[in-house]
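The first chain written gets the first letter, and so on, giving A, B, C and D; residue counts start at 1 in each chain.
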Amino acid sequence: MQGMMIARAKELLQDGTVNRVLGWQAGEFAYDITPAVFETAEELDAGFVYNAFCGNNLSKYLIKETKKDGKVLVFLKPCDTYSFNQLLTEHRFDREKVYAIGIPCEGKTSGEMLKAKGVSGITGIDEDGDSITVHTVYGDQGFNRSDVLEERCLTCKSKKHVAYDELIGEDGEVLDSHRFDMVAKLEAMTPDERFAFWRSQLSKCIRCNACRNVCPACSCEKCVFDNPESGIAQKAAADSFEENMFQIIRAFHVAGRCTDCGECSRA
Amino acid sequence: MLKISLSKIQDLFAAIAADEALYIPADHAGQPEFMRWEAGMQMADALNTVRSAKDFFFPQTENLVTFKMQGQKIDIIDPRSETEDFVVFGVRACDVRSFSILDRVFLVDPVDSYYENRRKHGTIVSMACSKPAETCFCHSFGIDAAEPEGDAVCWKTEDALYIRANTEKGEKLIEKLRPVLEEADDAPVKAQQEQTRAIQEKLPLNSFTTEKFGGDVLLKVFNSDKWASLSEACLGCGTCTFVCPTCQCYDIRDFKTGSGVQRFRCWDSCMYSDFTLMASGNPRTSQKERFRQRFMHKLVYFPANNDGIYGCVGCGRCLSKCPISMNIVKVAKCLEGEL
Amino acid sequence: MLEVANIREQCSWIHKDKATATEKAIILGRAAIAKVQLNAPLTAGESPVVKRALVIGGGIAGIQTALDIAEAGFDVDIVEKQPTIGGKMAQIDKTFPTLDCAACILTPKMVECSQNEKVHIYAYSEVEEVKGFVGNFTVKIKKKARYVDENKCTGCGDCTTKCPMKNVPNEFNLGLDTRRAVYIPFAQAVPKVATIDPNYCNMLKNGKCGLCAKVCGAGAIDYKQKDQYIEEQYGAIVVATGYNPIKLDKFEEFGYSLSKDVVTSLELERLMNAAGPTGGTLLRPSDGKHPHTIVFVQCVGSRDTSGCGKPYCSKICCMYTAKHAMLIREKYPDTEVYVFYIDVRTPGKNFDEFYRRAVEQYGVHYIKGMVGKVAPRANGKIMVQASDLLMDEQLHIEADLVVLAAAIEPDKSARPLATMLTASMDTNDFFTEAHPKLRPVESPTAGIFLSGVCQGPKDIPETVSQASAAAAKVIGLLVKDKLTTNPCVAHCNELMCNGCSSCERVCPYGAITYSDKEFRMPDRTTQLRRVASVNPAVCQGCGACTVACPSGAMDLNGFSNSQIMAEVDAICQK
Amino acid sequence: MPEVNAYKPKIVAFCCNWCSYAGADLAGTNRLNYPADVKIIRVPCSCRVNPMFILRAFQRGADGVILCGCHPGDCHYTTGNYYARRRMTLLFSMLDYLGIEKERTRVEWVSAAEGAKFAATMNEFVSTVAALGENKRLEDLRCKE
């Protein structure tokens, strides 16, 4: 897949269809992938990767990238195409300046997921179909891909691309996901239990804003939380009320605009 | 060297908590965090907590002063009451070092009395690492994960916890705990230390160093054209600054309570667009500049003003928490090529 | 700067305990002070006025409004969806309480419309789209294809007698007789122009025939005619869309679908009209015989809370039924007339006297009670079962004709029109007025006025007075060269605007538009950004956009976010 | 005699200028009594009420918030009350989802002619909220001192 993507990107750079490629770049370890912009074939060869750890949704970067001259090639996983469309309806970027290639996704995993399984000292990772072998300084460990999927991928709603200029690989179907199972469970609780549940969850929040900044629906020029005139500007949550408040307001702002891309749960 | 069997560790905690607050790393809704010990609370095994231990001395939010209005009268209330004595147990070597870095900021003239007050009342019991992770690079800053600093230091082996005092404060604490501890040979500790150091040799960041940034490189680094591509993916979320044990920027804000004003400070982040916001705007206008500020501060400005000490302890939190996996190691590696 | 703390109606008048009331008054005062501190000077804007009015609907309401506006010297257009203006009044035989002939008083007004150079009639046309705001509406009108050139047709009617398609139900006579596929609705139609019904015309359907073109001396027939779209600017719009009787299929008990001799009151009007299907002689539709016993049923679907009909009183039925009963007894004294009623409502000048005459002078049998069942018999008679509530007895009447006073409802075109005009409607699809008592002919949407039954059931005299009132309001608007606009409007902080269109989608007035503007960014670069701007002439200040805006860039003058929050704070303060 | 230390809930009522605010005036003109705990904030339309205002009220120590608008279909601005209804349904169910008692929040349609309904609604709402007691879950302790 990575090879096909690089080859196609090179072609498009070559024939002048696009000027830049928005993709992923390898990091220090096997799993710390960073979104990156590539401008030449050499850069693509040197740095472009696509593997099970390329979870980042690139659609939000289009806001910034389309402000520049020329056209940008972007690779979109099925869930990313939903955010792509949402950004488009909100006029957040110029469609003319984007060439979108849909790429298949079998669910993503992350370093965090492996670490949650107790893996530490990772020196390398091999993928082979559904099995993942992690090499660590403490010895090798094998996993089934399905056991270390990111939380959002467990409730994947669709493997179908809803926006693209071309596809690499097969398009999938909209899935019958279980994304509201947890909601149903919560709804069955009493208000007291629910409140306790949310307090415990929200007290973990360190108000680092990662969820907001990674969210493709949160693309305001100036967020109300950063605007001293809004009356609710906060940097770090001062108390439990503000922890609640941030999450309530953010949830309200993205209501109806959220595309279930799950970037927030990843962040 | 003293020790206590792991099976009796709760007795140790109880002894500490008898007359002061005790915080240990424990499970908080699925994440390791420092929590106030209550009878029965188990110590988490995780290498490091999500948030660093700087919270104890430099909390995320802290009330500075309260103004209360009653009719024409304004009362100014200092919310500080004498902080109770507390013990932070199980701090890793990297976090312990971060305190001395924070001290260089908060305890130099003018002394930050809020920080100082907490620092005075806190005793740090560190915990040596035995299972460092791939994201660890504390040794790059001369930190020995197997021999941490702190008022007292612990080693946890299969069956026992070994403890030794480093400072007067530590002596005092151990004196108090003497009844539950027993004398021990330090051979198992030595063995564990050797083993830990051997593992460190194998870690991917073992050879990572920031020494090239120590010299007169300020303008060279500052003007590097690599910043643009390095910061390209940065979301400006501030996660790195909030989990960082050495980030010390804060913002002072006023909260109108309806009957007055509560002035408080809270962590700020150089990644934010309203960081160091002035009437004229933010001097760092783009994310590239804000991104650069963070790494320049840690790698160049801080050592330049602090006897060559870097503003990083290699705890690796930013490596694992950054949503786009951009971090100080990648930045330093990319830039060092230019030096 | 002004803010009002409502300590009378909302405090001292309701709270008996002085101490708590005083405490509340202080809090309300504190809230008002908190708000007034954040007040900013409000300045009203100005917008020009297009000196032309549009009247939607060409019934008596629309005609009267148009004539009054034209009288004041302003151009006015009437849009009528039927081939002719005239509306329901043209179908009515006589009017109450004077019993003069409807056509005799209506048709001169119709003619006046066609001859007044200030009035322009778009007959057989519909409103397609409305944009703009008070003083400056842009309306797209669809002129449906008549397949007859209006300018050439002389209205001679030759085609309407030669057309071979003879069995087209004549809607003007409510289907009681037939017309041809090419037709002029009635003799006094305005414009008096033939129309080809594309649903029946053989030429249009199958391309065979073409007879009308052959007989037309003026060469006016044009089978290739297309719908035309006209765009016009108006300063004011009057809605006069009128009404229809409701469909009676939900009222099985009255047997409307079972017998031809169960008719609605409007059908009776046609049966009694000299230009109607029976030439003015009252005959049973089934066998053409004279009816000798006639039963009128009142409130069919009116004041009905069962859900089948309408909850409101249709207002005109009591009077027209009295009129019908009286006319029948006058013309055919051998006929027994029974009227079943819940109440007889006769508010209006000379109305009660009129009803008393029907009862006392003409001997109409008024029976308080409801008809339970109407069942046609094999012998052609209709069995009416009813209860007489005053005598407390069951009645069985063998009738020849049953007349149902069907409730009236707003025309079906009103609802989509209201959406286009952003004028509000009630749950019965009547247009709501800006104030039920003090602004009865204005819609809450500025520049939209109401005339006739589209606002609520009313009779002809009331309709005409309202029509003139609406005209007066329109004239009052059109004489102004400029309008001052409401200063409490929304405004957008362009620096924070994302251009996401959230506000545009919720704005009921289309007051928000977007444009790409160049901005100088803090890093000294120039960026092109899509930002919203509010047209203060259009914005009514509801504030929907301020809440829809995710970044808080939209705010409302006079009710700003910070002001309302200051009020909240002041109220909640201890 | 009123009880001296009886719990007095703090109720914020957002009232549409065109209907319920006038309805409240009518209640006043008719001397219809309702608890003084209710404080009214006038807004041009129910759709002007930002969910933020409601959270703000709870933060500042309100125990209940009620939003009064025109009956569906009667909005002075055509559709404002529909927006308000949708937004509040969402907000209230979200608060409910978070474990904040849904009885503390309400949307009610009160026309300018319904002074009696206004008073009755307020009486009923105040007693419901009073029964729940103080709002402890969405308050900001800093505002209580």
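Note that in this section a contact is a pair of C-beta atoms (placed from the backbone, for glycine too) under 8 Å apart; a residue touches a chain by one contact, two chains touch by 3 or more.
Predicted model only: the values in this text are computed from it and were never measured.
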Problem - Contact-richer chain pair (by C-beta pairs counted) among B-C and C-D - result: C-D
Exercise for the section: Kindly work out which chain lies most centrally, taking the average of its C-alpha atoms as its position. Expected result: D
Practice task
Go ahead and note the Å separation of the Cα centroids belonging to chain B and chain C.
Solution key: 73
Practice task
Round to the nearest whole Å and give the separation of the Cα centres of chain C and chain D.
Solution key: 36
Exercise for the section: Indicate the whole-number Å distance between the mean C-alpha point of chain A and the mean C-alpha point of chain C. Expected result: 54
Fill in the blank from the handout: Distance in whole angstrom between the CA centres of chain B and chain D is 46
Fill in the blank from the handout: Note: chain C residues in touch with at least two other chains are 561, 565, 569, 572-574
Problem - Where chain B touches two or more other chains at once, by residue number - result: 255, 258-259
Practice task
Specify, in ascending order, the residues of chain A that touch 2 or more different other chains.
Solution key: 222, 224, 231, 238-239
Exercise for the section: Name the graph shape formed by the protein chains and their touching pairs; answer line, ring, star, complete or other. Expected result: complete
Handout entry: Contact set on chain B toward chain A in their complex
Key = 28-31, 33, 47, 50-51, 60-61, 131-135, 199, 202-205, 229, 232-233, 235-239, 241-243, 251, 253, 255, 264, 266-269, 272-274, 319-327, 329-330, 333
Handout entry: Contacting residues of chain C [partner chain D, same complex]
Key = 6, 8-11, 13-17, 20-21, 23-24, 27-28, 31, 422-427, 432, 444-445, 488, 506, 508-509, 540-544, 546-548, 556, 558-559, 561, 564-565, 567-569, 571-574
Problem - Sites on chain C touched by chain B in the complex - result: 521-524, 569-570, 572-574
Practice task
Spell out the part of chain C that touches chain A in their complex, as residue ranges.
Solution key: 495-502, 514, 527, 529-530, 550-553, 561-562, 565
Handout entry: For the chain D and chain A complex, residues of the former touching the latter
Key = 51-52, 55-56, 59, 90-91, 94-102, 137-142
